[in-house]
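Presented sequentially are two complexes of subunit A, the first with subunit B as partner and the second with subunit C.
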Partner chain A sequence: MDALKLDLSHYRQLLKQYIDTQDESALYEAEQISKRSIQHNISLEEIINTHINALEGIYPDLPENIQHSMSFLLEVMISYGLALQEFQDLREAQLEIKSEISVAARMQNTLLSTVKPDVDGFDIGVVSVPANQMNGDYHHFIHHADGTVGITVADVIGKGIPAALCMSMIKYAMESFPSEHKNPSEILESLNRVVERNVDPSMFITMFYALFNPAASTISYSSAGHEPGFYYHAADDTFEEIRAKGVVLGVTDTAQYRQYEREIHAGDMIILLTDGVTECRQGDRFIESEEVLEVIKSFSHLPAQELVESVYRHFEKLQDFHLRDDFTLIIIKKDV
Partner chain B sequence: MDFRTCVNIQKEWDIVGARQFGRDFSKKLGFGIVDQARIATAISELARNIYLYAGSGKICFDEVENVGSRGICIVSLDTGPGIKDISQVMEDGFSTSGGLGAGLPGVKRLMDEFDITSKEGEGTEIRVVKWVR
Partner chain C sequence: MNLTVDVQEQKDKSIVLLAGEIDAYTAPKLKETLLSLTEKEGNKVEVNLEQVNYMDSTGLGVFVSGLKSTKENNSELKLVQLQDRVYRLFEITGLIDVIDVDKTVQGGY
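Our next item is the complex of A and B:
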């Protein structure tokens, strides 16, 4: 049953050396034995047994009461030995689960992959980083034949595997909508019905959907309870919250979504995000959204992709390289 | 397989009797002190399960042989409520003795062979074997 037997004569010799000299080097060797035993899955009770045998080897006339006391110790250790074995088996099982999750995460990346649009007159940057292995944030670009681009940013309340599964469903539901179906309010209304029917009631999804028309320099959008984005006015160097009313997806099957539209001027920026950006934490303190805007502004001279990546790195560092929530940031800059 | 000896389990104290018998029996068969202690612990778990969940039952002991090796066969029998989901009780971390015992996975680890049959409402039979090394 044991992968390897303890070397009794070596153990006895070390034990004798220690009893005679109380030498630290014998104790150091004892530590090595302990580590090797763990490596070779030698059970706790086996070590105690070796100790008893070694002791009897050194003192052939060991008093009987000491011998009995050692048997007593052996008995006490049996359950500890079992607990240790269980722990080792559970640790192996955990490693298996971890590797399964990383396969699932890779699959998710493939399933949910999207291509950032390349449009004349605009510069677009995207960053989306999961807090754990699986991403509960979602963003997607739909390239329509008429040159317009559908932009989705969504966040499942909750993280990890359930959130990721939910996102895959959302993506395929959206792909099944007919291609002429591209009005933000209509899309959110259809999607709301899909979520209401198919997703566990304890799970909520917020989504911002925009139809971006580069040729006309306009963007129309609707929001299902999603974290508001920001509009940067280059003319007076100010930010404005992009407010849009709408209930989160999946609450009621009759939800209606208002659609808004705005024109994009030269040098302006549209900033779309998830609450992983605005709810970054420094220690126990949530940062203010002004801080996010200030950081964005400080990097705004950079090309859009470098800009979003710099903002991400700033907040990654601020949070000691340990994201609490999935982080997604999309910035669309209109060329000057 | 000559004659079979059984120890009835009704009171907590009977667990000690079963352990004692199992230890003496395994000593006679030639088990070393580590295996004696493991066998006694396995008997404890089986007997405790009877005492806690079935109310009454028995632990039976046999000597078994297989191509030159000798071993001990322990059978735990009860007519209690039975186990509904065997996979669940065999899962690590799902301990039936209030989180304190090693549970059936522990018994399986302590012994070389493990077999369980259970029917809801009729009872449970667990058969374990350990070979002298």
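Our next item is the complex of A and C:
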């Protein structure tokens, strides 16, 4: 790091101006020098040296005892100078880490990228927003040859980079399952064993897995402790919680998952989400799930993608809204 | 966003009194205290969550590590007096079936 030199003559001029007049404007300039010095990495020793030189320039016959006192001051400030240097090094190191994390985040996006299915008779919308750089939420669509679609929504408990790494493992584990192996309960049972064996004890995963059959207009699903989604009944304009029993992945190796099935009727919606949606907060106030459903209802005339984006924007716009957790919302609408 | 963690040693068990919020910021402190107790061979640990008004999934992670540690150290972990919102988290995640959670009753085993 090259330490730039201070402008000695400027410094001397200002110092003299202040000594002669005690003028505020000289002090203001001094403050500017201080700021510029920090910007340009000028060391503390350099500043004190400049001060000594300027003082000697103004008073060529500066008493020897004052000169000695300046050398003394220089010595006293050395540790501060070193601490400042260390602070600057740390700041640079932090910038480096930040940029590495953003590379990792981009890589995560590539690794975990998924394509929203385009299915006749249905309209699907997805929004997934990380609270920090790395998203601990995960959603994935698997397109099977028979026209069915596997839908995963998951949340890794334990945030940041470890969570993201864990998610990549899950994705590849799922892709390695044979294609005839697509029942939600079987998939969760297999994944549970993978997670239980391979993941740190304080980390676990909640997952909702659904097998969506557009041709039959049915959806079968199981849940590993995941935040329940909702089913919207167009006929009576009501929401019903999609409850499914099952423990989170990675806690016990013998977990079993019940599989449920339901038919999707015209105009109805399936709403899948993560707890980032239901644990939203405005200031100190929790946003209740009824409120989330009201908001969904108010935008339900929109196409699915616009619908989910409008819901997210609605909460984002609230005053004091702070996204504490990753936010993922998937809505599947059956055409009327 | 703060959590106070108080430990009271009784003759047959350790009681952990929590007050505040359990989230990513406060969880490490709780984890350290909790594991130091569950790692004592045969220890009975009771965590009182009456004064915990917010817990996120990071908090669940702490109790899951606690549970795993009880299995390795032959100790016991019990959570008591949970507020509705916190209890709901254990319910949704299915953890009420693997961790000893007592929503209402105060006190002993």
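Worth pointing out:
Note that in this section the second predicted complex is superposed on the first by the 316 of 336 C-alpha atoms of A that agree within 3 Å, B and C clash if a C-alpha of one lies under 4 Å from a C-alpha of the other, contacts with A are read in each partner's own complex, and residues count from 1 in each chain.
We adopt the following convention: a residue touches a chain if its C-beta (ideal position, glycine included) is under 8 Å from a C-beta of that chain, and two chains touch if they have at least 3 such contacts.
Keep in mind the model is a prediction, meaning the values are calculated, not measured.
By the document's definition of touching, of the two partners only subunit B reaches A:45; subunit C does not. When the shared chain is aligned, subunit B comes close enough to touch A:82, but subunit C does not. Of the two partner chains, neither subunit B nor subunit C is touched by A:148.
When the shared chain is aligned, subunit B comes close enough to touch A:74, but subunit C does not. In the superposed model, A:247 makes contact with subunit C only, not with subunit B. Contact with subunit B, but none with subunit C, is seen for A:90 once the two complexes are overlaid on the shared chain. Partner contacting the larger number of subunit A residues, of subunit B and subunit C: C.
Shared contact residues on subunit A (touching subunit B in one structure, subunit C in the other): none found.
Subunit A contributes residues 1, 45-46, 49, 52, 71, 74-75, 78-79, 82-83, 85-86, 89-90, 93 to its touches with subunit B in the complex. Interface residues of subunit C facing subunit A in the complex, by the touch rule stated above, are 23-24, 31, 56-58, 60-62, 64-65, 67-69, 85, 92-95, 97-98.
If you check the complex, the residues on subunit A that touch subunit C are 155, 157-159, 201-204, 206, 224-228, 245-248, 251-252, 255, 275, 279, 286, 324-325. In the complex of the two chains, the subunit B residues touching subunit A come out as 32-34, 37-38, 40-41, 92-93, 102, 105-106, 109-110, 112, 133.
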